[in-house]
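In what comes next, chain A is part of two complexes: it sits with chain B in the first one and with chain C in the second one.
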Partner chain A sequence: MLLAIIANRIAMALLTLAGVAVVVFVLLRVVPGDPIAMMISPGAGPADIAALKAHYGLDAPLLTQFWIWITGVVTGDFGTSITLHLYVTEVLASRLPATVELAILALLVAVLLGGTIAVAGTLMRRTAGETVIDGLNSIMLAVPDFIWALALVLLFAVAIPVLPLSGRIDPELAEGFSTKFYLAESVLTGRFAVAGNIITHMAMPTVALALPLAAVIVRLLKQSLKEAMVQDYVLLARIKGFRELHLVLQEALRNAVGPTLALTGVQFTFLIGGTVIVERIFSYPGIGNLAIDAVINRDFPLIQGLVLLFGLIFILINIGVDFAVATLNPRLRHA
Partner chain B sequence: MEHWSPTSTTATADTSPQQPSVAVRLARDPKVVFAGGFILLLIVVAIAAPLVAPQDPLAQNLLMATVPPVGFADAEPGFLLGTDGLGRDVLSRVIFGTRISLTVAFVAAGLACLIGSLLGLLAGYLGNLVDTMISRLVDIWMAFPPVLLSILLVAILGTGLHSVIAAIVVIDWTRFCRVVRTETRGQAQMDYVVAARTIGFSRPAILFREILPNVVPVLIALLTLEMGIAVVVEAILSFVGLSVSSDTPTWGGMIAEGRQIVHEAWWVLAVPLAALFATVVAFNQLGDGLARSLDPVLRR
Partner chain C sequence: MFNVTRRQAFAASGGLLSTLLLPQRFASAAVGSTLNIAYNVNLPSFDPDIGPSSVNPTIQAIYRSIFDQYIGQKPNLSFEPGLLTGWGWSDDKSKVWMDVRENVVWHDGSPFTPEDVVWSIQREGKADGGNPVAFIWAGIDNFKIDGKRITADVKQYDPVIFKWMAFLTGYVLPKAYYEKVGPEGFEKKPIGTGPYMVDAYEGNAYLRLKANPKYWGGKPPFETVVFKFVGDATSRVAEIESGSSDVTLEVPYEEFDRLKSKAGLKGVVTPISDIGMIFITNIEPMLDKNVRLAMCHAVDKETIIKRLLRGYGVAIDTLLAPEYAGFDPSIKVPYDPALAAKLLGASGFSKEKPVKFTIQTTRGFKPKDYEMIQAIVGMWRNVGIDANIETYEIAKHFELRMSHKLAPAAFYNWGNAIGDPTTSTGFAMFSKSPHSAWHSDDLDAKIGPLWGEKDEKKRIQGWTDVDRYIAEQGYVLPLLQYAQPILYKSDLKVTPNVSGALQPTLVSKA
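Now for the complex of A and B:
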């Protein structure tokens, strides 16, 4: 049963990805504005332009271009970036790890922060403390990562200049890595000074991405916890003499966490979308920052590769969330 | 059966006489009053910008570059919130920036609401093939990261206010479509719709005269939230340099300039950021308040 659901989800995912591929391809080509115009020097004549177009295959009919691109994609060849003169797959592979580390770190911070505040709010229910938490959280729910990022710049790079404003790592430390997963690699190889340097660079973008997600987690988890706290099994545990913190963490949380888990998965895709602008603000060398450059330069092959990559990540996360929710909740397993 | 009772044959069935009217409920909600008041103030400031602004927002004065706000050392009277890297008055530029932000908020969110709601109503009421097609389209649409898609669209359409509005509409109609579709499907099962169909009302009549009024409360709250989103998207596109040309003051454009010179003149970033923050929070609180006061289910 579960397998059938997953197979169905994967089929739908492939259909969606195919749709994404068609939409982005057509969007890029039906409207005026082509990458050649961005490349040529002012003195170039029509012959030069035609030669360049032929070189990048932009002179072929639309359907032919699509066929060449899509057959390439299926075999893992996304073409060559027009501005970087590198294989799109190479560019993506070198930039993706930075974004993956940033997104996962932000997810962890969001879950820890949101979970802690939700539990604290549940312990303080019907007190002034809860009112304060609810009030602050309703504002936090409204503020997007873009505003957090810039507010953090003002706070920790200007007012109290303790954090570096841009980049992923101090340039002189960036040597000697065998993978592009700098943070994971430096931690695993025991180079904690380097890891610390990376963390200081990642702190602001991570927190900016984590805060909106944390706010969503607080609202839903706190609501679920409050509902769970009045259930009979909590009452029973309270009669047995367990302390309030034990009741929240051991009894209520286990039963209340399901909806939050599902929502966190969906919201994680928004967090990844947010890396685009947050990476830009902090000059962080991930795929989000790359995407803005690719779009501004109209680097068609790179844009297509990036959009498919983003689409694939989103779909994988959604499938993963469905799977996790189904596995953790026995009632849904047979639904 | 519900349609036999005298009060429940119309769309206003849920307003029982004991409850205060919608206007009274709205006026009593502090979120609606304060946030709505702030938005009204912004609208007035935007319309009266040339009268309110102390300086010409475009007038450069390199001798007066990066003057700090009043109250800090080296401040100049006449530049209440300081000047930017070209000596332009920050306060006047933020005041004129409200014009672009609010234009985008109202026009883009309004159009997204119109298109999304229409498609949502159709999908939710007609069902079957129409529903499948529209829902699949929404799924494909939502597989794009919105920020990336908006930048992509504006890069394709060319920079400018029209492109920014078009990009927001093209991306965010899905929000309205999904909610309205779900609401419409729920409403379409209700007794009053069944009753209307039995009496022999035409499909458009049922859709627009019976179902739509019941979806409107949700829609108004969603529209207000969308306005907050539109303001941020415009600021992001201005920040990346893809919104209106650089000689029109925008909050996002100012934020981008401020980010470049943040170590020399933090106020060039802080002032428009504070304006953006307050506006976004106000739209959100207003949306929350409206949802609470207008929605018959949430009210209980």
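Now for the complex of A and C:
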């Protein structure tokens, strides 16, 4: 039964990715702007333009181009980036870890922050404290991540310059890594000064990405907690004399967390989408920043690889969330 | 494989916490002989001769730090010996000669040779090699090496080939090393003969360079140079304001004015070889000369520069900036709204019955581009022109221009770091160029003979005459020469470069 579900999910994922591949390939050729037009110089004649198109394989019929690309993708060859002159798979593999570390850290911060505020809001329900929390949360929810990013830049890089503004790590320290997971590797190998440096670089982009997600978590979790707090089992625990904090954390939270977890998973995909702008603002070398350059330069192979990668990430997150929710809620396991 | 015990994990968390809580001293801040530049673009590729990056003017400052060009260029755009110490034509212009600099070594210590020069030119000239300006380099062939002198036959005479040797894709690469490591290997570990050697690189983040101790031009002023790729203008402002970077460029003029007088900072603004212009396409209603000239006379460029660009820019009436060869200050298209209204009236147009067309523009690609076009459309409205603004991405502009499908009017910026009129007026106005918008036989008849003109004085005068004719006919609307703002720490000295390339060799300690 479980194997059938897994096989079904994998088949659906492959079908989705195939659809994404077709759509992105066609869209890139339909929307205005092609890489040759971006690079031809004054004086280039039709023969020069044709030679450049041939060099980058853009002279073949559309179907042939698609066939060459898709058969390459199946064998793990996503082509060569027009602007970077490197294999797309190699580029993605070198940039993805930076975004993964940033996204996971932002998710952790969002969950911790959102969870804490939601619990605090539940404890303070029907008081002035709850109004304050709701007000602040509305602001967190209304302000998009890139505005938070700019505000943080002004606050912690200009007004009170305590955090580094750009990059993932000080260039002097970016040596001796055997993987591209700089943060994880530096912690695991005991290079704490390096890890600290990386965290200071990640602090602002992390918070900028985390705040909107934290606000979503607060809104949903607080509502779920409020509903749970009037349930019979909470009432019973209260009669038994348990303190309010115990009621929220031990009784209500476990039952209220399901919907929040599902929504957090969906919102996490938006968070990863948000890395595009936030990474740009902080010159953070992840796939988001890479995507902007790829689009500006109309680097077709790289854009196609990036879109497929984003698609794969979203699918994996959704599958992960489904399994996590099913694990936490026994009723859904057999649904 | 990492094996972590509980004790190690506890120690790790303690160590990490203490690191975070201790006061930070960011290594990236300006220290000793390190120069941190908050740069406005990313470096996608290390190959300066192939692909889109090779023709991106804003990246040239980085390429010039690592590689040398055949011929050097001073900050005022004049030329100087580079890896070639001498160059020229035979009397009948059927051959070129080049003398190669001696006692130069590549960053790996191997000697630089004339073979490197020949191989580089041949590689750049291969039609299917990926060089966007291969047609320039393919103009010479049949190379012969005699000691330090190289001679070659001229297949197609191009009077500006030596100027291109100081321009886009005019870089010498190491033949033996490149053939040994291949294109991928070169991208991962590039070497040149330039003043700085690549030490570390992380795309979209930074490039760290170390001074080349054996540089033929003398020791560079800084031991280490870090280019931080900060694409966002607000972040570049924060970089320089917070002291995280020592130099930055291309910040909004408002921020420049605010920061240039701040304690510890200085600023300089220099007109560069980049102009703003409006292409006119030879379609209705632009086929009417009165309409074209009215468009030109109705625009108050000085006011636009003063109000929108805070005075940073130079009004121009031809496609040549004052620093270019062939520039003639006597060619004027004055602001004269009364004349504009009269011209339109002669064609039956007025404020009540305006001539209508679309003008295309980018928004945010260049400083205040959209706002400038808004202002121009307002000025046009006052004389009887009703233009509808259409915004597009720069990529769409390129594609439309290449297929000759631009709107009747289209805003664009044009760079020309070698300052030769062929690379401005020539390619922007000759109908055979994929970059031109106005196509007409009368203009082609005037431009055509200049491509092969072998008398340099006559050639330059010919372009000046073409510019005068274009101004009289209103075939294009030149607007302004852009000015590049640079902010830097007050203990530094920065020599602005008219080409716009902020090279680390032009920065020194004050």
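Here is the rule we go by: the second predicted complex is superposed on the first by the 324 of 335 C-alpha atoms of A that agree within 3 Å, B and C clash if a C-alpha of one lies under 4 Å from a C-alpha of the other, contacts with A are read in each partner's own complex, and residues count from 1 in each chain.
The definition used in the following text is that contacts are C-beta pairs under 8 Å (C-beta built on N, C-alpha and C of every residue); 3 or more make two chains touch, one makes a residue touch a chain.
Since this is a predicted model, take the numbers as computed values, not measurements.
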For the combined arrangement obtained by superposing on chain A, do chain B and chain C clash, or do they fit?
clash
Using the superposition on chain A described above, determine whether A:Val20 touches chain B (first), chain C (second), both, or neither.
first
According to the stated criteria, A:Ala44 is in contact with first (chain B), second (chain C), both, or neither; which is it?
second
Regarding the shared-chain residue A:Ile292, is it in contact with chain B (first), chain C (second), both, or neither?
both
Looking at the overlay, does A:Val187 come into contact with chain B only (first), chain C only (second), both, or neither?
second
Please indicate which partner A:Ile104 is in contact with in the superposed arrangement: first for chain B, second for chain C, both, or neither.
neither
Is A:Ile70 in contact with chain B, with chain C, with both, or with neither (first, second, both, neither)?
neither
Looking at the overlay, what does A:Val162 touch: chain B (first), chain C (second), both, or neither?
second
Would you check which partner chain A:Gly274 touches, where first means chain B only, second means chain C only, and both and neither mean what they say?
first
State whether A:Leu150 touches chain B only (first), chain C only (second), both chains, or neither.
both
In the superposed model, where does chain C crash into chain B, at 261-269, 315-323 or 387-395?
387-395
Enumerate the residues of chain A that count as touching chain B in its complex and touching chain C in the other.
33, 150, 153-154, 157-158, 165, 280-281, 292, 296, 298
In their shared complex, at which residues does chain B touch chain A?
136, 139-140, 143-148, 151-153, 155-158, 228, 232, 235-236, 239-242, 255, 259, 262-263, 266, 269-270, 273, 276-277, 280-281, 283-285, 288
Touching residues on chain A, where the partner in the complex is chain C:
32-35, 37-49, 51-52, 54-56, 81-87, 91, 94-95, 150, 153-154, 157-158, 161-162, 164-168, 170-175, 187-190, 192-193, 195-197, 199-200, 279-286, 289-290, 292-293, 296-299
Given the complex, residues on chain A that touch chain B span 12, 15-17, 19-20, 23-24, 27-28, 31, 33, 138-139, 141-144, 146-147, 150-151, 153-154, 157-159, 165, 269, 272-274, 276-277, 280-281, 288, 291-292, 295-296, 298, 303, 306-307, 310-311, 314-315
Applying the document's contact rule, which stretches of chain C touch chain A when the two form their complex?
2, 4, 8, 11-12, 15-16, 18-20, 24, 26-28, 38, 42, 44-45, 47, 50-53, 55, 127-130, 132-136, 168, 183-184, 187, 200, 202-206, 208, 226, 228-232, 234-235, 238-239, 241-244, 392-393, 395-396, 398-402, 422-423, 426-428, 432-435
